[in-house]
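Here it is, the structure, as structure tokens.
We call the chains A, B, C, D and E, going by the order they appear; numbering starts again at 1 in every chain.
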Amino acid sequence: MFRTLAEVFRHGLKNRSFVIGGTISLLFFLIAFLSYFWTPYPVEDINIAEKLLKPSAKYLLGTDHFGRDILSMLIQGARNSVIVAFVAIGIGIGCGVPLGLMAAAKKGWLDELIMRFNDLTFAFPSLISAIMITAILGPGSVNSIIAIGIFNVPVFARVARGAALSIWKREFILAARSAGKGLFKISIEHILPNIASMLIVQATIQFALGILAEAGLSYLGLGTQPPMPSWGKMLNEAQTFMHFAPQLAIYPGVAIALTVMGLNLFGDGLRDVLDPKLRRRR
Amino acid sequence: MSKIKIIVTLIVLSLGIAINASSVMAAKDSLNLGMVLEPTHLDPTAGAAASIDEVVYANIFEGLTRIDKNGAVKPGLASSWTVSEDKKTYTFNLQKGVSFHDGASFEADDVVFSLNRARAEDSVNAQKALFKPIESVTSKDSNTVVVTLTQPTGSFLFNMGWGDAIIVDQASADKNKSNPIGTGPFKFSKWVKGDRIVMVRNDAYWGTPAKLKTATIKIIPDPAAAVSAMMAGDIDGFANFPAPESLAQFKSDPRFTVVIGSTEGETILSTNNQRGPFKNLKVRQAIAHALDRKAIIDGAMFGYGTPIGTHFAPHHPAYVDLIATHPYDLEKAKQLLAEAGYPDGFKGVIKLPPPSYARRGGEIVASQLRKIGIDLEIIPVEWAQWLDQVFKKRDYDLTIVSHTEPMDIGIYARKDYYFAYDSPKFQALMEKLDATVETDARYKILGDAQRLISAECVNGFMFQLAKHGVWNKNIRGLWENSPVQANDLTEVYWVD
Amino acid sequence: MKKPLVKIEDVYKDYQLPKKYLFQKAPVFRALHGINLELHQGTSFGIVGESGCGKSTLARIVMALDEPTSGTVFFDGQDLFNMPAAELKHLRRNFQMVFQDPYGSLNPRKNVMGIVAEPLDTLKEKLSYAQKKEYVAQILSEVGLNATDTDKFPHEFSGGQRQRIAIARALITRPSLIVADESVSALDVSVQAQVLNLMMDLQEKYNLTYMFISHDLSVVEYVTDQVAVIYMGQIVEQGTTKALFQRPLHPYTQTLLRAVPDVNPLNKKLKNMPVIPLFEKTLESCSFLDRCNKATRICVNNAPELLENEGQLVACFNAE
Amino acid sequence: MTLLQVQDLCVTLNTAHGPQEVISHINFSMDAGEKLGSVGESGCGKSITALALMSLLPLDSQTKGKIILEGQDILKLNSRKICSIRGNRIGMIFQEPMTALNPVKQIGAQVSESIYLHLKLTRKQTLERVTELMDKVGLPVSRFGLNLYPHQLSGGQRQRVMIAMAIACNPDILIADEPTTALDVTVQEQILDLIRELADSSGMALIMISHDLGVIAQTTQNVMVMYTGNIVEMGSTMDVFQNMSHPYTYGLFSAIPHVGSSALPGRKRLSSIPGQVPELHLRPRGCNFADRCSRASKMCKAKEPMATRVSDQHQVWCYHPLSCEDKK
Amino acid sequence: MRIFLAKRVFTLVLTLLVATLVVFVVLEILPGDPAAVMLGINAETDTLNALREELGLNRPVWVRYTHWVGDLITGNLGISYTYDVPVSELILDRITVSFPLALLAMTLSTLIAIPLGVMAASNHNKPMDFLVMSFSQIGIAIPNFWFAMLLTLLFSVTLRLLPAGGFAGWDAGIVPVLKSFLLPTIALALPQAAILARVTRSALLEVLQEDFIRTARAKGVTNQGILWKHALRNALIPVVTIMGLQFSFLLAGTIIIENVFYLPGIGRLIFQAISQRDLIVVKNLVILLSAAVIMINFMVDLLYAFIDPRLKGGGDV
């Protein structure tokens, strides 16, 4: 239990997962941020004459079938992943946590209703539903954000509810009630701070899953649309070139795997640091 | 721990089995042909999809005439025919001793039934227009059919060679969608939905029997999977390979023959002529000048494709080369845009259907038009959405599509067509064409029509889709070009 | 007789149990069965019983944290379960609770200031932060903690200190009633003594009323003036602590007292003999029937009422 | 005859503050059939001692010294040999009957497991033995079937199952670690009686661990009082409880309210021990109790006290043991 | 137990019903006119109308819904717009590919994951643990479609050991079938196994902290005995939960994987059907898939009761 970020950080430095994962994640965010100011080449520019070049001093990672610089596309793709995953998590937390808190606080039929709704959302295989959503609304990053975001809602609702329920059983909640506090105030003042670290950890995991989901949707052509590059789309495009330009399929895949791994490691580390009693459940 | 060992052993074992099994070579009288789109059903008289014809036409079903690999009209189920003086009455003499795959014999009544069914009021034939000129169909005797036209129609014999004009048996006609019964050299065997369609040789065929014993059409919608399947030898060939980017690799691989042929597919940047800035001829001209056809062909088709300047197949004798009318000239394009009142360009949308020529071409076109200030939002759509939004509701600015029907310049005369091109001048030309039988005169009219749509920049004319045939070097007899939508397997055979 | 501070009037509390069959009426667990009690200002009232007997339920009802199924509780003459929520909230300043678990009863994410100041919200007037801080500092020093510890968090304190924080929280609104539910049972013996001493000092100082709930008979005997023994949701015996411990009348009380192991190895007391139930228990029986070695036929079909017996109240037909 | 001899036992555990010695230099021995008690507040090391006897300490802990069971040093045995001692030669009962039983196994299977492991009986013999055991602990099979799951039993019944498991192989030593702390006082009485009876009837030695002085007083012959990992006073229960010499033992006794206190005139303050048990990493040098002790001298804070003999069977580790007058 | 079952069945039915409603509402607002898809570019309006009438697309929405649910119950799933065969036939055809694939993948991932998880837990904080956890981290991070691409590249294109895709058909015999399933199974199973191994490990580690494990050790049970006889069954509860959840991930995974390996399974059918606006097929497939997931969750719940007797109910003695 730590009060300040500095304290978390100091303890984190002793944790291998935290350090490695944190470094990778930080790098990933920095790269995504960088794309707003600078990429080696503009990614919208198609230069057919220089297509499918091998890595060279000019193009550090070579070019794709349109003659675009792979490195620039990877950098832009990082930004795209961040935005999609971030907003999707925002949707998940924004809707899921209040629902979960409400379910835990009110119990009874409301709890039952919320949880059944949750089960239902879980019951639709998420990718199928995402495909359905993008098929209805049309492909595009906004719609893939919605699709991924919707499936974060039950996750956060479930985590929030489960954690909140266990907090509700604690005696300090009784103390708060004898101080005349209502369900809403208790949820905000007592429950939320106690489940925050759990939610943060879950958020990093969902972040990683969001990146994977975005890659999957873009791979199927339902996510990010051209000319905005995305890692999943790059993999899709690379697939037909795989036999003679395998590097095109390697870079984005490695980027996805590395980022997701970094975030997962960071999440694990954070969990250990924030609450050593919570063993790794995943 | 020991369990891990067991698993590893199992994997190794199964790999071993796999190796042994794959060493058994395929028999040389069967063919696995790859196809991108799965037909929705197998009745060419009830659907427009080219994929239906590509499977069954000339293999299972036959028409009165047939189109050979060069696009010439040859006798089919009609062994010969005579045309009356006024060019309005055709008398077909039918082949004798022909029977359908289910044993029913082929007679003149079947022809009468088939043609009347196709032109009937409630017909679901997708190419009803082909049968419009027909006034009546009668059987003179069991081997002779007389077709009377309302007006002379120059392309009638060619039209009778389309897949939509095949002859079916009344008894089995309704079941052809799932169990096609025709007269062709191959019989339908089975269809594993989503995977393959199997045909076997019709040993009772009336003509020269097919050389292959079985022909399997494998459905592989994904270009990448197609490459893998070819490389792995799962597929013997693709009449039309979906991934032009990998052709270079197949060319350099001694196992394969790569044949670049021509198709009837004019790939165009279809333009909504009634919408926003695109109403303005100058804007359309500016677009025409901004299109770098070479870059598009290189980028989207990896160099395979013939630039076109109008909506007409370059290999057709009536083709007029109009590429020079609107050369690639960014300055000119910008100037035209400025003249049209858009010095800073404007925003628009381009809706792209799934094929790679459209998706990739669209990205390149968008990037090219961005250079003159036209900022296009790329919206990829599925075919169904394309049909609904673009084709039916005309809710689009620009789109890219390949018009694969042969000789389809007539669509520019349909003012409710999705181009929204309403030109009385062009419509008059087409009426004149319909009334003309004389080849030279027809070609002249066709030339005028080509020049007209080129000058008016109705659409951005980009390139003629090439046919990228890739097949095992030991296969002979596959078509190099696609004068009609077909994969005629009649003469396909293996050599050692 | 003085007006009681707390009057518990015929309180029943039922909990619904999960059904065993689909169309069954949900079975009911009767946690409290007609409890009547009066607590007087400045005294300590002990509630004794084994786990699950309903003593914690009673505490929650007195604290208005749970509503009784029937019956009610009057605090200072006001019906707790029949008043507007806002009023109840303000009334809460007068009764506070000290819990059992010194670890679970303090929010680990709040500092001492946040924890101790929380009940101040029940006051009618709004206090500024500075005022609150002053209150907190004062009460902290009263319970023997450092007044400057307001920024520390619970995990920085030992168990005994935490319980002092909990007492500080309960006392900050200057309530007249403190419900102490097993407040010292989780503490080590030496610390338990410190906390008990503190509680008794505070009682003297502020004329507090304690409702002291515990399973530990010796602690209850030590702390309280009056005591009630609860068995299966019912009071089976009630009286002054001295009388009850000196001369328990109900067989259950006797069993309880005999069961406490004596610290003197020489004191080999009378042991409880294993009870072989003589009668089959029915719905009408005395609830203690199956554990009673004095049961007679009357106990089988009648539940005894709590009646006065030599100055004590006892619910037994065969009370000595 | 000496059954068990513990010499210089030290245990170091890994804690949040690094490795810490939680018990240091424990020495005691017990004879067959002896009932030994271990009493002290939480964190004094009484449970750790018991776990050390069973070699059940966490893997990252270090144990030094000797634990000699009938001439064999348990600490030197390999894990397979230790397994053959656990449950066989030494049985153990734990505090929480709720969590100490496997929730997904039937009680019959849990009781028969150690019989199956150590006695190698046939199926039928095992069943007989289990039936006999269940009878002994008061859960006759006729009423309580062997196929019940722990959650279907009450706390006292679960503790009986635990006892049946612990004595299944007729161990030489039965360790009971706070066996009744989670139970109600009436149930506690029954369980203590049961343990006592079983020990008496089978000649098992008993190590009774409890924080409750009453429990120890009523069940043991000898006792050791522990404080912060050390034995501070040891001897026959009678001697130690009647004639306590260590200020800590005395403090403990004075701090608890006794039943019958209401009979005494007036209300007395409990005499509490000032301060609190120091945390592991904050233990002082010298006598650990010195900081809380009113009798402490300079010497106490400098050097750990050695054992002082109070009587034949009574030792105390204190420089300033209490005399009779001090207690008045 | 009976009440537990009844309650679960009730929620099961309710969930299924709501699922049909959601699917119907969502899919009825899908753009795209199936009639236009069937007839293609040059079709004329009167033909389109004729077909629309035939397909019943002109009836009011609620009539279509009730008819559909009724049809679902009777098992009459209608005729596919695009394939023109009964949907049930189409689905049955595809299930023979997808179901064995999912089953194989599930089995393989379980066979890999549980021993790995146990191994890691029993060697906690040792190199073996680190190794397994590293494998698991990588497995979780790699998108399965990329993994599938790499597998194809290695085994089909470079080594030419296995087919790059396609399904030989059950009549081709078991060996070709297994051959065509091998790579997809691995591509599906390994990432799942990575997650499952992790769950198994942490669940075991958690159970190993429990008091009853100490009790078992006190009985003299050996470490191996503790692990397999006492800990594993208790640890199975979270493991089974995750396996239940994984089933729905697996279904999602098959959509991509079947597309990568062009297997004619449910996944590809649904992807095709969505792009072709074959509403009937989409509707029924989505319901089928969600029903499968709901059923699996139901079974997981029952399995809990089997693993954990506490859930079966039954009071004190």
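FYI, a contact is a pair of C-beta atoms (placed from the backbone, for glycine too) under 8 Å apart; a residue touches a chain by one contact, two chains touch by 3 or more.
As the structure is a prediction and not an experimental result, all values here were calculated from the model.
Asks: Hopping along touching chains only, can you work out the least number of steps from chain C to chain D?
Replies: The fewest touching-chain steps linking chain C to chain D number 1.
Asks: If you walk from chain to touching chain, how few steps can bring you from chain B to chain D?
Replies: Contact-graph shortest path, chain B to chain D, evaluates to 2.
Asks: Which chain has its C-alpha centroid at the greatest distance from the C-alpha centroid of chain C?
Replies: Max centre-to-centre separation from chain C belongs to B.
Asks: So which one's got more C-beta contacts, B-E or A-C?
Replies: Result: the pair with more contacts is B-E.
Asks: Can you compute the centre-to-centre distance for chain D and chain E, using the mean CA position of each chain? Integer Å is fine.
Replies: Here the centre of chain E sits 53 Å away from the centre of chain D.
Asks: Whole-Å distance, chain A centre to chain B centre, using C-alpha means?
Replies: 44
Asks: Could you grab the centroid distance between chain A and chain E? Build each centroid from C-alpha atoms only and quote it in angstrom.
Replies: Inter-chain centre distance comes to 22 Å.
Asks: Which residues belonging to chain D are in contact with no fewer than two other chains?
Replies: Chain D, residues with two or more chain partners: not present.
Asks: Going by the contact rule already set, what residues in chain A reach two or more other chains?
Replies: Residue numbers touching two or more other chains: 135, 239, 242-243.
Asks: Give the residues of chain B that touch two or more other chains, as numbers and ranges in rising order.
Replies: Touching at least two other chains: 222, 224, 228, 231, 354, 382, 385.
Asks: For a test of understanding, state which residues of chain C touch chain A in their complex under the given definition.
Replies: 60, 63, 65, 88-90, 92, 95-97, 99-101, 104-110, 115, 118-119, 121-122, 153, 155, 166, 169
Asks: Which stretch or stretches of chain B touch chain A in the complex?
Replies: Contacts found on chain B: 222-224, 227-228, 231, 243, 245-246, 248-249, 295, 298-299, 354, 360, 362-364, 366-368, 370, 378-382, 385.
Asks: Which part of chain E faces chain B closely enough to touch in the complex?
Replies: These residues of chain E touch chain B: 31-34, 36-44, 47, 50-51, 81-85, 90, 93-94, 111-112, 115-116, 119, 149, 152, 156-157, 160-167, 169, 175-176, 178-179, 182, 259-265, 268-269, 272, 274-277.
Asks: Touching chain C in the complex: which residues of chain D?
Replies: Going by the criterion above, the answer is residues 41-42, 184-186, 188-190, 192-193, 211-215, 217-218, 237-238, 241-242, 251-263, 267, 269-274, 276-277, 279.
Asks: Per the contact definition, I'd like the list of chain C residues that touch chain D in the complex.
Replies: Residue list for chain C touching chain D: 50-51, 158-161, 188-194, 196-197, 200, 215, 217-219, 221-223, 241-242, 245-246, 255-266, 271-272, 274.
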